[in-house]
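Chain naming follows the written order as A, B and C, and within any one chain the residues start at number 1.
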């Protein structure tokens, strides 16, 4: 390993530790902080694509769509069928799957949620939960419980910087997510549709009052939101594996990202995804012993969050956010 | 408590801002016992905000409200209700899925049956209280002509009937001061006459009212004293007829039209 | 066949108590608890721990499970004062998952008890007194008696001024506050009662099944209870029971379908969940009041009776 490349980071850390006692807890931090950086970027790419859809629907239709994560699962399986089953190249399968999932999203809205526009959020929530379960179990019934994998060539990790490494697919995931997010940003700011989507997600009453054809915009929100979720699902599948629970497994981190960023704010969702991903990976990497000993803990060696509790970090973050600042990091406290 | 000079309700320099807009700009006014006090003003003058501050639903930025010698600041609405203050409900807030009788039976405070221990250990007392409350409720409903609607869901009542229910609920409690929030808005003229008569009769029996209303005929009929609010300030106070003829008041209303 | 019926009725009893617990929260008070399974889980685990690790008798386990669930319910109720209902709902979902994560990671004793292995060999109360077959019958009767008690309790609660206040709170905070009701305190008490019932169901389940694991307490279970009360009718305790019967019948029907349908057990299991998911959506769309809508409380007859005396 090339130690010299880490020198600036180590030096900075030591500087912080020596001069500001509050950073004592960094003393024992593992040297894998760089790997944490790349892992977090990959994870936040996957989360962002799902969180954006969740936050837009939540903002525009005023309810949390618990079925949204299943769009990811559906996308992953559709892409699998297209690539492993029908032999299409991966990037083609990916695009077709995303579009198909987008259409499914619009279909579900037309079949169910449109008829419930005026009802209380709880009925919408339970309905979305039911749809989510139906989708997930239908996928499980069709494709079975065992995980499947995309037909990828063997992935050799590339040394990027010091200890930090990533496979070509993982780098592709980050780039693809970046392109997608940038494209979405252009849509939101340069097109009439995008601007209407933004205002609808931000303040549905105001948007309606200003004469926007809300139903049409809502359809676009579903098409793009579900499509992006499908894309995110393929990415998760490329990174790890494809199995029926893959969407539901990250429902809390996705909602955490959406809520951290402020409901209805797609940029907030991107920021939230970064925060959640980093918090989860950094939280596992940090040695909490110095902090814990201030509170009276007196053990030997380092104190790390056990990997079994990895999921607790976004759970805890979500609960803290909702209790202390429900409008999110970027939201307006008066709304 | 103290002497006859004791004001029933004192509002002292209440200020409230909502996101940069001054809803209340240092409002001060008094409500004397034995009167029907009116609070009028064009739309957006801050009347609802003032009611919300008095009843504890909104915290003022500055100033205080004192009711019967006791400060109301910082108290939650239910504690304020226990001090003898009642505010009539906006129609949209009344529970649609409960019947008229159920709404009436909600009113008495400190019912034994409202605590679990009370309901478990003193079932006889709870039954007796329920019976007494039911009798009283039926009587009051008769005086406001709602007796035959006892088992009707509130959601099925007309606007005027909902206002009558709110009044009936006030009578059920018998508070020291009743705050009426637009008691005759959207009510047909015959019913308005009935409500005015009920109010005046109650006033004779010693019930105090603070009334917010837009209907000037009604205001002239029932209110002894008026306070006029415009854009968060009290611009005039005094006996009803005299105040209504004041220049500032006429101007304020004309400006809004 | 009789054995299956006994099993089914026992399950209906246990889940019926769980449904009544959710009925108190949502049907009576309007609280949207998406982490409802946490009471079930705590009742099961606390009871198991008390009986297996501390050596307490079953009745103490049952009481312990109920009390711990009620205490946790109180903690969950605290944020309802300031938090919007959908935000609180998401909080409860996350909270229940956190508790499940704890039990998933935390071994109870030694290397193989607790954590992801679950806990097996949970003692069954009075098992020595009965034969295998007789015991199942006994436990079914025990559970159904508890269900009857819970049902009676809920009916009684609804008739009290306490229940009336809960109903008003369900419809909105402003009116009960203006009438002097301490809304926050009512919600906390309602949650505590719901916790007691949910914990009881959990304890009864643990000692019946003799095995528990975190997999029994997934958010899926919460959804099933919601399905039961929405299908049956959220505002009506009878609806909670009706919904429980129907969903339990659906859930347990696959063993019969296997004879007719040439699919393997796992696929049948998935299909029944698809069916239940779709069923709930259909109910929400076309029968939102459920099979048994809320019954209005009538006072006219009492008046007529009194004036006739």
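Brief remarks on what is shown
As a working rule, contacts are C-beta pairs under 8 Å (C-beta built on N, C-alpha and C of every residue); 3 or more make two chains touch, one makes a residue touch a chain.
Just so it is clear, the model here is predicted, and its values are computed rather than measured.
The touch graph of the protein chains shown is a line.
Farthest chain from chain A (centres taken as the mean of C-alpha atoms): B. A straight line joining the Cα centres of chain A and chain B is 50 Å long. Centre-to-centre separation between chain B and chain C, using Cα means, comes to 42 Å.
If you average the CA atoms of chain A and of chain C, the two centres end up 32 Å from each other. Within chain A, not a single residue touches two or more of the remaining chains. Those residues of chain C whose C-beta lies close enough to touch chain B in the complex are 160-162, 164-165, 167-168, 171-172, 174-183, 189, 193, 235, 294, 296-300, 302-303, 306.
Every residue of chain B that touches chain C in the complex is listed here, in rising order: 55-57, 76-78, 81-82, 86-87, 89, 93-99, 101-102, 105-107, 109-116, 119, 126, 130, 134-135, 138, 150-151, 153, 169, 173.
By the touch criterion given at the top, residues 63-64, 112, 115-116, 119, 121-123, 125-127, 129-135, 137-138, 140-141, 144-145, 252, 255-256, 259, 306, 308-309, 311-312, 315-316, 318-319, 322-323, 326 of chain A touch chain C in their complex. Residues of chain C touching chain A in their complex: 26, 32, 34, 79, 83-91, 93-95, 97-98, 101, 104-105, 220, 223, 226-227, 230, 266-267, 270-271, 273-274, 276-281, 284-285, 288.
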